[in-house]
Amino acid sequence: MGRYIAKRLLSLIPVLFGVSLIVFFMVRLIPGSALEMYMGTQVEATPQQMLELKRIFGEDKPVPVLYVEWIGQILRGDFGFSLRTGRPVLPDIISRLPLSLELTVLSLLISLLIGLPQGIMSSLGKNPFLDLINRIIGLLGLSLPQFWLASLMVLAFSGFAGWIPMGNYIPFSENPLKNLQMLLLPATAIGIGFSAVIMRYTRNSMLEVLQMDYIRTAKAKGLKKNVVIWRHALKNAILPVITVVGFNAGGLLSGSIVIEEVFALPGMGRLALYAIYQRDYPLIQAIVLIIATIFVLVNLLTDIVYALVDPRIRLDEGGK
Amino acid sequence: MKKSWVVAAIAAVLCVVSAAGAFAAPAAKTLTIGVDQEAVGIDPHIVTAFSSMRRVDLMYNRLVRLDEHLAVVPDLAQSWDIPDNLTYVFHLRKGVKFHNGRELTAEDVQYSLNRILDPKTASPGRSYVSLITSIDVVDKYTVKLHLSAPLASLLDGLTSDNCSIVAKEVVEANGNLQKVDGGTGPFMLKEWVADNSMTLVKNPNYFEKGVPYLDKVIFRVIPEQTSLLAGVKSGDLDLATINDGAIIRQAQKESKVTVMSKPGLNMRIFSFNTARKPFDDVRVRQAVASVLNRSEILAIAEFGMGKPTGPLPVSATQWALPVSKLPFPKPDTAKAKKLLAEAGYPNGFSFKITCSSTYEGGLAVAQVAQNELKQIGIDAQLEVVEWGVYIDKWVKRDYDTMIELRGGSGEPDRFLYRTFYSTGGVNNFLFKNADVDKLLDQGRTQTKPAERKATYDQLQKLLVEQAPCVFLYCPNENQVVSKKVQGFKIVGNGSLFYVTYTKVSR
Amino acid sequence: MAGKKLKLNAIATTGIIIIAFYLVGIIVSFFWVPFDPVDMDTDHILEGPSFATGHIMGTDEFGRDVFSRIMAGSSISLVISLAGTALGGILGTLLGIWAGYLGGAWDHWMMRFADILFSFPSLLLSIFIMAILGEHTLNVVIAIAIVYIPQFARISRGAILQIKQEEFVRAARSNGATSHYILYKHLLPNIVVPLIVQVSLSLSVAILLESSLSFLGLGVQPPAPSWGNMLSGARKVMAIAPWTAVYPGLAIVFLVLGFNLLGDGLRDILDPRLRNVG
């Protein structure tokens, strides 16, 4: 097990290296630059001023040299300064983590709250027609474009309740009520979609486990149906669900870009989006690197949990 | 006994529910302003973005400023003399204090103007004052400026946020003022949470006694304009700057908010790249100018919130000629077809309109223009690009035609010179016309109002006739305010200066 | 069990019915639409749905007929999603087969490359790609394809690995069969099942991806109608003209639902053992 973890951790390095290379060069392929955007269409500058500006914006050296410099900085823990604000990049990114994390956790909770019971009920197959309807509704949740759902929610909510959560993040520790007020609506928007995934996996795993021999045996032995279901089946069915949650958590963390846009939440996704729009290279590079790292680490963690819980899984090379 | 428990329980629930309804209302003398863009920095001599200027409006003063009628009025300078057209003498107010407590003197004016002129600062304000050769401190409250050539627009240029007066020691202690406050303005920087909110507090030593009335001003960044409106409705925001016509239209139907709207100084134009065929032929440009229907574009793209304009923003009534007095006042399809035929394109031609889905990028305008041009057989393809690419194309002059939003000014030279002079800094039309150049040079140096007016009248007609671009309209400056806000006024350039005189009742 | 199979079939069938409905609409739209999708009827801006004016789903902020735009947009959205998924599917599958079959260093590095791609959240990655390539319809196809390569690679590789161990492959090999023969005769048929399921589900996500990109202004550009950019334009006027947002959104929802139902149903029927994560 230890060897497996070590191997996986080692393979992280080339992956992250690859990510850093790709993002550094790709980002400079996008037409336009932070300097141009700073100048906009209204400002004139003398050639002398332009030279000075180029130096400030880091456009005065060839790209490969800049890459090497950047990697050197990263390895020393220095993630550079934003081209747009001049502030160091890392603290800004980290300050957004709590929000994104909380949003992810809340969405996951909501999706589990909706999806688990749905999946379980549906797997019990008492009424096939209801089951069908249930599944369609579940898949409906998956089919809703997030931004559409979010916009409609904002519209409906502001129309009926007269207020909507505004983009002012108050940490949970400071004021739990206000904090939840802010995030409940966006978390629901994300959670509804993801609940369908949970439902599907719960249902499938429950079905599989319910068919298994030892369940049948337990039933035959006369154990009460409920006991059978809740104790044996659920325990085994949770596993794939954990896996799904784990694999998608990374995506949920940063994939809520559109939700953050609509609800004006200062999260990682929006930071990344705006960084790209503004060609803020140091910021983009840092965010992508960090998100990729989180992504990969979460995947690894999930794999490990999976393996720990179910020793039947073979952990050969690329054991997914 | 039981009943009272029930009542208490209901009351408790109601309390919780109503508390959940809105943010805890801030103290009665706080104004919360909703904006859709974060300020990048707040160094007045460095910033270019409107969002930054709005903060600078409240934290700094300049020698002179614009009032709500766009007239130049005293700010830090109580009065001024212009002994000859190369010399300006400013008499400063006494007892003006910087936020750090020190009194403002002529040396500060000298320092600030020199910093703006210094190439190392790379200040956007430099071009407004570039003809200044020296700044002399005559005495503690008197400053003398020397120019190398007459510059009629100097006073107007000095009203710019980029020409604010700053405290030297604050600059030197921090390298620049991007994150700190070195001003004298009605409000002082208290706290800045990036991409979230900025809190300013009242300057108790502001030179104008009795103001500001507010104790606190909070800027909240909310990118969605619908959310901004919802914020004002619900009371989370007191004031919101909204430029989207559809949202303003919606706001006008809301009884809980007031919409303040006035044609601004920004100008929507349809730009030609005069170095590319077929737009190198003035007749083709004139044909397009004859077909584009300003009123229709305004009605559709901005929901009618604006006013058609010529080369000078129509609200700058001292100088601007109204559309009716300029060539091509109304669409004339027959004339347009004739011009096209004369130029050798009887069957029209096809080209691209570069635009972007941002507000400045004018996507809506492009779509309407495309539709209208079909009438004379011109096939316009929309090249919709992302904002960064749009800027890139603008910088590289890589476009056929473009929809642009330009920042005009009430002072004719300040806007027209850099835009239409053959070597003008923002002349992206690559437009070269000797007559235009001559008139621009002339108007810049004339100081007698009657002479200047005649020059600029002539220039405006010439510019519309030569059509480096088609001048469409000036969109309105809009602010959506809650009913509790009193005393706020809109200034055509978007300045928030009147927050100084604003009160909030609760 | 037969009864169960029939029940499960109901899901797939519902999906097929929905998709067929859209296909009919698309085919019709090539020959006839009620109004020109890009024509601006400036006298009827932001009008609500009414049979009287013929605008059964109302008009948008430029006076264009919403229903016609939805019809025209359906072919654009579907073609882009199909093309992107197909391209990504083919490339990804090839990559995965190669990696799985060849094993060793090849496998290792190819999967690392897939991992790198995979570690970007799909929307972010596609935004990146669109920013570089520029906002053309063709580039949306490429962006979608690139996003899907890792997923298809994983699946085909997994299937290959499983099968590689099987007896009959070893037997065939010892009989002297060439790699290619084994590949096409034995391996391919066993991948088809998981791939079909993945394709169907991917199509649903591709449509959502395309509309998200168009919504952000990075996909199909106006005035060409795409459900995504219709929603983007509707965002501002939604409060005073809800039909501009509701109908295109519903159009997306039901088509995506159709593909999801199809994929889910197929998964049940073809291989209940199948439970690839993610």
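Think of it as A, B and C in the order they're written, each chain with its own count starting at 1.
The rule is short, and it goes like this: a residue touches a chain if its C-beta (ideal position, glycine included) is under 8 Å from a C-beta of that chain, and two chains touch if they have at least 3 such contacts.
Owing to the predicted nature of the structure, the values given are computational and were not obtained by experimental measurement.
Novice: State the pair with the higher C-beta contact count; candidates are A-C and B-C.
Specialist: Looking at A-C and B-C side by side, A-C shows more C-beta contacts.
Novice: Which chain has its C-alpha centre farthest away from the C-alpha centre of chain B?
Specialist: C
Novice: Counting in whole Å, what is the centre-to-centre distance of chain A and chain B, each centre being its mean C-alpha position?
Specialist: Here chain A and chain B have centroids separated by 39 Å.
Novice: Distance between chain A and chain C based on Cα centroids, please, to the nearest Å.
Specialist: From the centre of chain A to the centre of chain C is 21 Å.
Novice: CA centre of chain B versus CA centre of chain C: separation in Å?
Specialist: 44
Novice: If a residue has to touch 2 or more other chains to count, which residues of chain B qualify?
Specialist: If we look for residues of chain B contacting two or more partner chains, we find 226, 386, 388-389.
Novice: Two or more other chains in contact with one residue: find those residues in chain C.
Specialist: 131, 134, 235, 238-239
Novice: Do you know which chain A residues sit against two or more other chains?
Specialist: Correct list: 30-31, 261.
Novice: Using the touch definition up top, name the residues of chain A that touch chain C in the complex.
Specialist: Residues of chain A touching chain C: 11, 14-15, 18-19, 22, 26-27, 29-31, 128, 131-132, 135-136, 139-140, 142-148, 151-152, 155, 200-201, 204-205, 207-208, 240, 243-244, 247-248, 250-251, 253-255, 257-258, 261, 269, 272-273, 276, 288, 291-292, 295-296, 317-318, 320.
Novice: Where on chain B is chain A touching in the complex?
Specialist: Chain B residues touching chain A: 19-23, 40-41, 48-49, 119-120, 122, 124, 126-127, 178-179, 194-197, 220-224, 226-227, 230-231, 233-234, 236-237, 386-395, 404, 406-407, 418, 424-426, 428.
Novice: Can you tell me which positions in chain C touch chain B when the two form their complex?
Specialist: Checking each residue of chain C against chain B gives 39-40, 42, 45, 61-63, 131, 134-135, 217-218, 221-223, 232, 235-240.
Novice: Quick one: in the complex, what on chain A touches chain B?
Specialist: Touch list, chain A to chain B: 30-33, 36-46, 48-49, 52-53, 56, 84-87, 92, 95, 154, 158, 161-164, 166-169, 177-178, 181, 261-264, 266, 271, 277-279.
Novice: If you look only at chain C, which of its residues touch chain A in the complex?
Specialist: 7, 10-11, 14, 107-108, 111-113, 115-116, 118-124, 127-128, 131-132, 134, 154, 157-158, 161, 204, 208, 211-212, 215-216, 228, 231, 235, 238-239, 242, 245-246, 249, 252-254, 256-257, 260-261, 264, 272-273, 275, 277-278
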